[in-house]
Amino acid sequence: MHRYRFVFLRPLQFLPVIFGISIITFILVRLIPGDPARVLLGTRATPTAIANIRAQFGLDEPIWLQYLYFLRNLANGEMGKSILYKIDVLKLIATRIEPTLALVVCSVLLSIAIAVPMASIAARNAGRGPDHAVRIISTFGIGFPPFWLGLMLIILFSVKLDLLPVSGYGATFGDKLSHLILPSLTIALSLSTVLTRSLRAAMIEGLKSDVATAARARGMPERIVFWRHVLPNSLVPTINLLAVNTGWLIGGTVVVESVFALPGMGQLLVRAIFSRDYMVVQGVAMVFACATVLVNFLADIATVAADPRVKL
Amino acid sequence: MSARAVSLSHAGWRTFLGKRTMLVAGASILLFFILMAVFAPLIAPYDPILQDGSARLQAPSLPHPFGTDNFGRDILSRIIWGARIDLQIAFIGVVFPFVIGTIVGTVAGFFGGIVDAVFMRIVDIILAFPFLVLMLSIITILGPGLSSFYIAMALVGWVSYARLIRAQILVLKNNDYAVAAVSLGFGRMRIMFRHLLPNAIAGSIVFSMSDAVLVLLSGAAVSYLGLGVQPPVAEWGVMVAEGQSFITTAWWITLFPGLSIVCLAFGFSILGDALGELLGVHE
Amino acid sequence: AGVLTIGRREDSTTFDPIKSAQNVDNWVFSNVFDVLIRVDKTGTKLEPGLAESWTISGDGLTYTFKIRDAKFSDGSPITAEDAAFSLLRIRDNKGSLWSDSYKIVETAEATDPKTLTVKLKTPSAPFLSTLALPNVSVLSKKAVEAGEDAFAELPTASSGAFIVKEWRRGDRVILEKNPNFWQADRVKLDGVEWISVPDDNTRMLNVQAGQLDTAIFVPFSRVEELKKDANLTVLTDTSTREDHLLINHEHGALAKKEVRQALDMALDKKAIVDTVTFGIGTVANSYIPKGSLYHYDANYQYPYDPAKAKAMLADAGASNLSLNYVVNAGNEVDEQIAVLLQQQLAKAGVIVNLQKVDPSQSWNMLIDGSYDISVMYWTNDILDPDQKTTFVLGHDTNMNYMTRYKNDKVKDLVAAARLELDPKKREALYVEIQKLAKDDVHWIDLYYSPYINVARKNVENFYQNPLGRFFLEDTVKN
Amino acid sequence: MSAAILSVRDLTVKAHLDDETRILLDAVSLDLAKGEILGLVGESGSGKSLFCRSLVRLLPSSRLKIEAGSVLLEGQDLTAISDAEMLNIRGGEIGMIFQNPSSHLDPVMRIGDQIAEGIRYHQGLDGKSARRAATEILSQVGFPDPICQYQSYPHEFSGGMRQRAMIAVALSCNPKILIADEPTTALDVTIQAQILQLLMELRDRRGLSIILITHDLGIVAQTCDRIAIMRGGKLLEEGPKRQILSRPRDPYTIKLIHSHPSMPDAEPVAEVAVAAAPVKPILEIDDLHVRFRVGGSLFRGSAVKTVSAVSGISLQIMPGETVGIVGESGSGKSTLARAVLGLTPLTSGHISFEGADLALQRQASLKKLRREAAMVFQDPFNALNPRMTIGQTIGEVLLVQGKIAKADIPQRIDELLDLVGLDREFASRKPRSMSGGQCQRAGIARALAVDPKLIIADECVAALDVTIQAQIIDLFRELAARMNLTLLFIAHDLAIVRNLCARTIVMYRGEVVEDGPSEQVFSRPSHSYTASLVAAIPDINPDKSLFSDARRVPQSIPSIKSMP
């Protein structure tokens, strides 16, 4: 299957992107005013203590030298030590990666589970009541700030109805899953609206398309026309939309993780930014970037799988 | 085969309105907020930042239809004044990315080759870059406030527009009228900006409407993380974020600004949908 | 019996006590490690910890501690050797954030397995208090030397009431009762889970929904509502927290004492207490908080008088005063105070420009002096007032807590008070200092506020002392 | 008309638009006999497709409604039955083939599955038997390796194969009637002949009745038994093929027949007396090669392949010549044209326009070209900027070229519009509000605005109706004669070239295989490829059979296009 040959070659393309991101994060975090040593020591820090910390983490070196060290570490598969947590950044990230990953996956699945039926209903009733209803719901879904929405969900489902845990993550699989429902729903409510809009448009197009006409002309009932011909043809733009939105989605997890106290990378990142834990910010940014690149890569594979015409 | 001249008689307008309900509805919502912003000093019943220690945390009532916050400030007045800031956020937060992205996308798509490759790698990098890291870093570098927010939005947001426009230009530049323009000896600038861009831009205009919603929400998220506009300025996102602590005791502090965001977002969305239909844009 | 779950804002960062200066860590340190000398529940007295008793030589330079018969959780005995090791480690270790505070220690040695002898370079009244810091807890020499990094991850031996069973990073620290703790009989709980829930609302909702037993850091705004909940008790424990308005004495008119006094009069602290703390705090009148050692209750309090303030400003030639107010972004209370102060000062004709920056940056701005006024708070780490006094008034390296306040008379008094070992005389010195500082308006004291925590009704004796330590040894969960 | 399998009576379809109700089909009555091929002919928009779609109640929009009339299929009125019953009629009784197989086949479903889908649904067969049946049908429509081709996706096929696949899908449920809506319009003449032959064979083998929609009378003449002519939603006349072709009654039919390019009485092209004096050629092409890199790029992997679109062409074009370039799709005609105009980089060889060599002095000769050569494009709508009025479009050219003073531009625009036979008021119209023919005239006016010596027209009439085609060709003929233009006319319709051009060049796979005076090329083709091309033109005279053994087109699938 030569159409899939890009799978082996594409990763080469990632290198410049990852490299670019490493430089940008490196410079960016160091441009932020404020000093990790001071954050670490608090307001009562003495100048000697601060100098001591700076020396310990190599922050007194010139930036370019720090970057070279960083690259050298990277080549050895390390990302330096967290200033705040004093452990290896990769090790730290490894402890935090699962909740974020699980959250993203659940949100995407849930969004799809919401978007496909919504879009189908809308598209098959285009211009009529159900269509308008879907459009109104989805515009409302996107308008609410997620932190507010999340809190409302907690109040409703956890406090009032006592159905689901308020926050946190859990230890067993089932436990984790029940903790993920509300946060995923919070993200899915906005993500699904984006997907619904795109799917709906593609489906309406598809229902009017020649492919659908041809299927009807050979006597296929509307059900088959829709599920066998229209839906598969609508998927590709949606897959790409999802891929493009990964960065945004990951950004969204930051707020949701903090509302739902999920011990993921988003929380780690926010705390790292506010405490100027350079190495951790760098590390998380790189991991996020790699994840985005990877998701786009997977989306490419999915696109190729979903549409035999596509060559990459 | 003669084309019918378009004349909008009275009845014509009626059918126009009939066909364009969405457009009209979206535009009206937007207009409503614009008027609200413009005439804020006239219609707001109270000074939006004036604190009244005797009227703290009052539930909605006749003198304060939307209630008051923990400083005794009138929520309605703050929402009305907030419209100024939020419309500004939506507008500026979209315009700069739009302009930058459009220019970059046009140039990259038109010239192709190395120019395109370089721009697209930059786009890749920014897309892969966690949006919030960039946003938070830039805002902390420049100090919280609107201008930092705009700069952050512009640095990140242009990418979507550049991608959209570039994709369009790549298709359009092989169109016969573009080839014709080349064969007739037109200059590159003319071809790019007079022939290609006007035909490529509809998608971006539609997208800019939903982008405005995202910008508003990013503003709110930034407020949640404490980096929103400087107090005591009234801004809806900040109002929702600040009101969070009263969410169970004084729901009105968050609900009304929240609803304002939703309504404005709603206006933008349906305007975007309608424009999309009008301009024949397929998402 | 039972496992107590506590919700807090942030997760621990490490278990190596010398490598953290964060409250989040100190709370857990004091559950897991014991110190030689403890601060009691009231926060005003020292009491024996692992040191059964101690003596101080006449010159105030030599301290001799008798180490109690106690064991680490791994069963090995706690010796003077371990105590000396811990004290020297916090002074000498490269990664220690506290070296400076223990530089005063000349030597520390185990003269016999149960006797620790410490020699100081100079006499120091607050020295004993500093031994109560959780950061200088007694660690097992053997366990630490087996691997510092591993120890910081998960301490293998603890001298305190609990042992660390598991640390789910970002989520929770799980503690289990230490059967070898020398006061194990006192400990009722089977275990404790410190759970991080960053969002204030979520944290409160967790307790309301019964998914957490307790939550700390209750926002002022929630107290009223939580009190109404029949399942909950809202605990307000005296703290050493004091919120104050820093003034940059080097900036123009602010150098004039009269101007600073006028500002103090222009502020309606009662209104702040009412609006921001919902009446929970109390108006402050001294930099030494009410309830702590040597607090001078009768200290002068500038009256709220905007008209007089305006007049005074005019007299001082500062009628068009315009101030740059650095606000900590993301801090709800700070932002609220800022908004309030802005309006209050406007009444006295002072224009305040709010500049919101994120906290790590604002410290830099304060240190660099690029501010006019800014609100900060302080909570004592140690029982002795010396630490705060030195930082705030003693012309230390931090420019008197970034205010650039200079008064040599006060400076001398601070130094004298540090060396004075007689409590009576010391108190007199501190009263004098408090009076002078008030008169100079080195900063404007705003309010004291208690620690506010919330617990389910089935939790008893959940208590935080003024220095912030949680006495979970006594806590009961029914 | 005894054994009418399908009889349509007074079928009326109306469109309920916002501001008016339009009658799209006006009481059309027609009969289709068993085993008969009925040709439905008419200009674009006359309602041919709509008629066929209304037979199976697949109207393109919910605003269109069948208002009156009946459609009797073996006595059953299709306008009255339920939707569920209709499902069995569609595909089961009446199969449809569409003009554009590329867009009607599901791109993400295997060809075989698309065929099997109908079989399973209509005949209730299980997967395996459906698969076997589908494979059988594939071989019936001429796929040489049906088992393998069952697995293919539409995009892997050439146009001709796709149309065969489309037919296979339509046949999958054994319909009695096949409706073929312009099944060959998108195809090359040679492929067209193959498909038409396939349809006739199927009719013979299966006893199908076929309605064949087309706008090419030649096709009708070659394949149908009866002809029906439509215009503006009305059936103008109907009758046996020979009767209509030889004794048309309606004036429109007469015009249609007479504008057919293959009509023998179309005036022979006057051999333009190329000045005897040795003139220099206006255009000289010497051993031109144009290769394209396909697939691979530096990062995208997949080995870089090159396609030779033009390989080794040498030509000389004299001033004032009208040269037709013909050849099947993909033979490199457009590439040649673009290369001449400097729109595509040359791989090797030389092109010199009035002595300026494009390879050696690129800038200079491009400048010259831009001022003295112009191009007319295939798709008239696509060639004009949709956002500009015709006046703006032409004015812009005049402005940029700067050959005339700014003040004279409006006047010149009027002159140009007059020249191409457009009303002056069209200056303020946008392409969207104009018909294809009008747009093409505007495109020609834009080309003339350059005041060119050379015009290259690439398939400029392919997208137009026959009648409009004839008008445009007349316009070219007139312009060429009047303005002493050199015309390079690219087409794949040989009849048109024969009609317009004095000289014809035949291209095949990037090479020129024949070059000479048109009469000679068409009557005595020297290359076998030319011969097969000529043979595949459907003649309007039914007696010059397309399918007679002498002209027989090979039936095998591997079309020239799909060869490596």
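Which chain is which? They are A, B, C and D, in the order written, and residues in each are numbered from 1.
Keep this in mind: a contact is a pair of C-beta atoms (placed from the backbone, for glycine too) under 8 Å apart; a residue touches a chain by one contact, two chains touch by 3 or more.
Molecules present, by chain and UniProt name: A, B = ABC transporter permease; D = ABC transporter ATP-binding protein.
Treat the numbers as computed from the prediction; the structure is a model and nothing was measured.
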item: More contacts between chains, A-B or A-D; value: A-B
item: Identifier of the chain whose CA centre is least distant from the whole-structure CA centre; value: A
item: Whole-Å gap separating subunit A (ABC transporter permease) and subunit D, where each centre is the average of the chain's CA atoms; value: 49
item: Intercentroid distance (Cα basis), subunit B (ABC transporter permease) paired with subunit A (ABC transporter permease), Å; value: 22
item: Inter-chain centre distance, subunit B (ABC transporter permease) versus subunit D - centres from mean C-alpha coordinates, in Å; value: 46
item: Inter-chain centre distance, subunit A (ABC transporter permease) versus subunit C - centres from mean C-alpha coordinates, in Å; value: 39
item: Per-residue overlap in subunit B (ABC transporter permease), given as positions that touch at least 2 other chains; value: 140, 225, 244, 247-248
item: Per-residue multi-chain contacts in subunit C, two or more chains; value: 201, 205, 330, 358, 361
item: Chains that touch, pairwise; value: A-B, A-C, A-D, B-C, B-D
item: Subunit A (ABC transporter permease) partner contacts - residues on subunit D that touch it in the complex; value: 56, 58, 60, 87-92, 95-96, 98, 100, 103-109, 117-118, 121-122, 153, 155-156, 166, 169-170, 172-173, 295, 299-302
item: Partner subunit A (ABC transporter permease), residues of subunit C touching it in the complex; value: 10-11, 13-14, 16, 19, 21-22, 94-95, 97, 99-100, 149, 152-153, 168-172, 195-199, 201-203, 205-206, 208-209, 211, 330, 358-361, 363-364, 367, 376, 378, 387, 391, 396-398, 401
item: Complex contacts: residues of subunit B (ABC transporter permease) adjacent to subunit C; value: 49-51, 53, 56, 70-71, 140, 143-145, 225-227, 230-232, 242, 244-249
item: Contact set on subunit A (ABC transporter permease) toward subunit B (ABC transporter permease) in their complex; value: 16-17, 20-21, 24-25, 28-29, 31-34, 135-136, 138-140, 142-148, 151, 155, 190, 194, 197-198, 201-202, 205, 237, 244, 247-248, 250-252, 254-255, 266, 269-270, 273, 281, 284-285, 288-290, 292-293, 296
item: Residues on subunit B (ABC transporter permease) engaged by subunit D in the complex (per definition of touch); value: 1, 3, 11-12, 15, 18-19, 175-177, 179-187, 190, 194-195, 198-199
